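Two complexes are shown next, each including subunit A; its partner changes from subunit B in the first to subunit C in the second.
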Partner chain A sequence: MVISKHPLRFILTAVIACLPLFSFANIVSDSTKVHTEAVHVVSDSVHTMTEAEHSTKEASHDAHAEPTDVKSKIKEFINHHLLDAHDFTLSANEETGEHYGFSLPIILWDNGLQVFSSSKFHHGEKTAEHNGNFYVLHHEKIYKTDASGALVEGHGGHPENVRPLDLSITKSVVGILFVAILMFLLFTGLAKSYGKNNGIASGAGRFFEPLVLYVRDEIAIPNIGEKSYKKYMSYLLTIFFFVFFLNILGLAPLGFNVTGNITITLSLAVLTYLITTFTANKNYWSHMLWMPGVPVILRPVLAMIELLGTIIKPFSLMIRLYANMMAGHVVLMSIIGLMFIFKSWIGSSLSFVLAFALSILEILVAFLQAYIFTMLSSLYFGAGNEEHHHEEAHH
Partner chain B sequence: MQIPEIVGAGLIVIGAGLGIGRIGGSAMDAIARQPEASGKIQTAMIIAAALIEGIGFAALFAK
Partner chain C sequence: MDKLINDFSFGLFIWQILIFVGLILLLKKFAWKPILDAVNDREEGIKNALLSAENARTEMQNLQADNQRILQEARLERDNMLKDAREIKEKMIADSKTEAQAQGLKMIEQAKAAIESEKNAAMAELKSQVSNLSIEIAEKLLKDELSNKEAQTKLVEKMLGDVKLN
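And then the complex of A and B:
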């Protein structure tokens, strides 16, 4: 197979070949040329008309209210990075307002499927028009609006406009798809190389085989047990490499922050919860609902605590991964931000050295978090598969 | 102001820090006494530290 022979070259070629695909929906080649410019002019004139209009306009554009000092600019940039985005911005020129990067397709369900390019939003600065509907990008959330592009200010700072169902290929989705394809190619290549090479891994498999064995021998077997570990291996390996690759991808340029997004970790935790719940044996349930060996009056209390515990376990899985990755991104970007605050050779060299050291630490954290997620998942699976201990046998 | 929340989160983080410190210290002691069991001790240490860390982060983000 072509993958196992030249894995790195193949992957690099595939990535470079895919790059133009991500920006296929560019506005230049869009057939339906829209008059967003005119709309913008109208909204600008609204801006100056009355005070009331002024406030609604402010609400719609406070995401891009010009921060005055460097510190709040850095803060805004970090907050923006932590959110999922509808386009890739590699760099932006503040004075000219030019953004360098590429757009991603927007897919909305709003009385039918609406597909258009995110370049219509002009990085949230403009109102996008598609099939007679107007949309506004506000804090990376898409709201439906009218031609003026104004948002109705609701309580808590969230606009009260209708939010269409957003199925867009966002930055995180691109990251997930990329890792999914990468994992598929890598590990099918690894599996096939065994047959070709007399049971010895070749190519990139040589790097990943020890990791696979590590997950099996150090995580799955000690925690789940020799008897039933096999049925969980596929899930454990998938989750280990998925989290590991996404954590590493978060350190690469392009600015992915997938595992630092609570919805992603939530769905991973829900998967662990569902697998624990549906593969548990009767000992697990009897120990949870009607604990043997304790006074009867305590059993309902224990059952409540145990049931609560089954929810708390995946919840802590979710929070741990999310918080670790998010904290790592925040700290790293803040330290890089020092460069712009000090504006001297001391600040720059300090920031460079610190960021370098932290990046190395983050590689460790990336591995450690993948390990802990897999380890705790297998611990929970093992708890669900525990055989009944005959206490009489020990005495 | 949210002073009570911030103080509470700070207290929890102090507690979590002390807890992880104790886990690390005890694991060091244990490894020094039984170097051949260091793999198992390390695993148990990481699990316990991760559980406490989860509480600490929950406090930080719930504030």
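And then the complex of A and C:
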């Protein structure tokens, strides 16, 4: 691997850049400690006021107190960012409560299709009424409620209200659609350019031709084999560019966190699992369910382990992509958040440098995760398509 | 784990599956297939071009070798022809030389024979002439001498003595 040395160097650089940061960080946080506490006292009174105001929502709001000091605000912001959103907010003015962005359509299946704009929720602050039904947005999940907007507190901190099937065009769906359209335009353009230009790519898609060839020559053919790689190429290429573009989109300052969403990685892993399972050959199944060359007593045990393994493989795919992308977003946003905590020239600028270095690292990670996902998927497909030669070599 | 399950959204899952599968099918038809076909065609083209270039090169080499061989053969043939010609020439010269020699010898031989025969003839003639002349002389002398007997005998004796010297 050519690239494997670079992250190490980068991490070392980042660590060295961090060293002075911590020494300053202590001093700065010491001086602000008093300040934050003071804010806390003030905001406490505000907090009680808001509680009085929204007494009906008390049950739900109690567990998640309004963010008050900078640190918890940043934490809240990061948590909010990591989740999917029902509206597209680029930034919000806290003092006036104004949000800059646009609303997205809410589509619910609740005794028929219910479609309305997310602006009715006022960013989760109000109860939306549509066709005589009342809905409330709580932690980016829609619950059915009554006119008062009350949520029944359930165990584990989640409300027990009915959740209608939420098919809303959320921020992630917008991101997926954007990437899908982009990919379609880009690659159909590339495909057309071959015909126009005598077999040589031209235009913007040309930049991605080496990547297409890379996926074919370095990922698909070595892992699946020359014989049957062709039927998987569409899936592998789509998943590679889909994950890659969404990872890159996550780095853009638009607030997308699509590949760091467990739903997306789960769906991709499920597709890989289904394709592996339904395109696997006889050899794969016989090796899995009735392993040849092993004592008969052990065979059911091995079959259990192998079957469990087929579930674990896509599960690890799901967790790997999710954890990598989410961790990247958390770390990057935390470091950016540090700038506002330090509020000093040295700390903030060092924090900026670190954030910059990490962003570059994240670009690498964006590519690497797309590569790993595609690579492992093709590895599983390859295992499902392995020919009999394995055994013949034995005897 | 609880957080992961809580983060899962069924609506988003449906959208993602729908969009993603649709994207795969659309791209398969409109992008991946044409792209991979075009790339394959191009690679095949390059491979073929390289192969034909290689073939042309070997053909060229063969041709060159052929040329060289033909040239060599021609040169050899020329050398042989020259050698043959030289041999023929030498043979001809030698033949004509021996023939001329033989001819010359023969001619000399003939000349010698002719000279011999001529000489013999001449000698015979001369002898006959001399004998005739001597007879004439003898006649004359005899006529003269016979008139003078003594003188006659003396002359005969003298002439006979002369003839003997001859």
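The rule we apply is simple: the second predicted complex is superposed on the first by the 327 of 395 C-alpha atoms of A that agree within 3 Å, B and C clash if a C-alpha of one lies under 4 Å from a C-alpha of the other, contacts with A are read in each partner's own complex, and residues count from 1 in each chain.
In the analysis below, contacts are C-beta pairs under 8 Å (C-beta built on N, C-alpha and C of every residue); 3 or more make two chains touch, one makes a residue touch a chain.
It should be emphasised that the depicted structure is a prediction, and the values quoted were computed from it without experimental measurement.
Engineer: Mind working out whether A:Arg216 is in touch with subunit B, subunit C, both or neither, as first, second, both or neither?
Structural biologist: After superposing on A, A:Arg216 lies in contact with subunit C but is clear of subunit B.
Engineer: With both complexes superposed on chain A, which partner does A:Leu254 reach: first (subunit B), second (subunit C), both or neither?
Structural biologist: After superposing on A, A:Leu254 lies clear of both subunit B and subunit C.
Engineer: Check the residue A:Leu379 against both partner chains and state whether it touches subunit B (first), subunit C (second), both, or neither.
Structural biologist: Only subunit B is touched by A:Leu379; subunit C is not.
Engineer: Determine, under the contact definition given at the top, whether A:Ile78 touches first (subunit B), second (subunit C), both, or neither.
Structural biologist: Neither partner.
Engineer: Who does A:His158 touch here: subunit B (first), subunit C (second), both, or neither?
Structural biologist: So A:His158 only meets subunit C here.
Engineer: After lining up the shared chain so the two structures overlap, which partner does A:Ala327 touch, if you call subunit B first and subunit C second: first, second, both or neither?
Structural biologist: Touch status of A:Ala327: first partner only.
Engineer: For the three-chain arrangement built by superposition, which of subunit B and subunit C touches the greater number of subunit A residues?
Structural biologist: For subunit A, the partner with the higher number of touched residues is C.
Engineer: With both complexes superposed on chain A, which partner does A:Leu368 reach: first (subunit B), second (subunit C), both or neither?
Structural biologist: first
Engineer: Would you mind writing out the residues of subunit C in touch with subunit A in their complex?
Structural biologist: 2, 4, 6-17, 19-24, 26-28, 30-36, 38-39, 41-42, 45
Engineer: Across the complex, what residues on subunit A touch subunit C?
Structural biologist: 83-84, 107, 141, 156, 158, 165-170, 172-173, 176-177, 180, 183-184, 187-188, 190-192, 194-195, 199-200, 209, 212-213, 216, 230, 233-235, 237-238, 242, 261-264, 266-268, 270-271, 322
Engineer: Along subunit B, where are the residues that touch subunit A in the complex?
Structural biologist: Within the complex, subunit B contacts subunit A at residues 43, 46-47, 50-51, 53-55, 57-58, 60-61.
Engineer: For the complex, give me every residue of subunit A touching subunit B.
Structural biologist: For this pair, the touching residues of subunit A are 218, 222, 316-317, 319-320, 323-324, 327, 368, 371-372, 375-376, 379.
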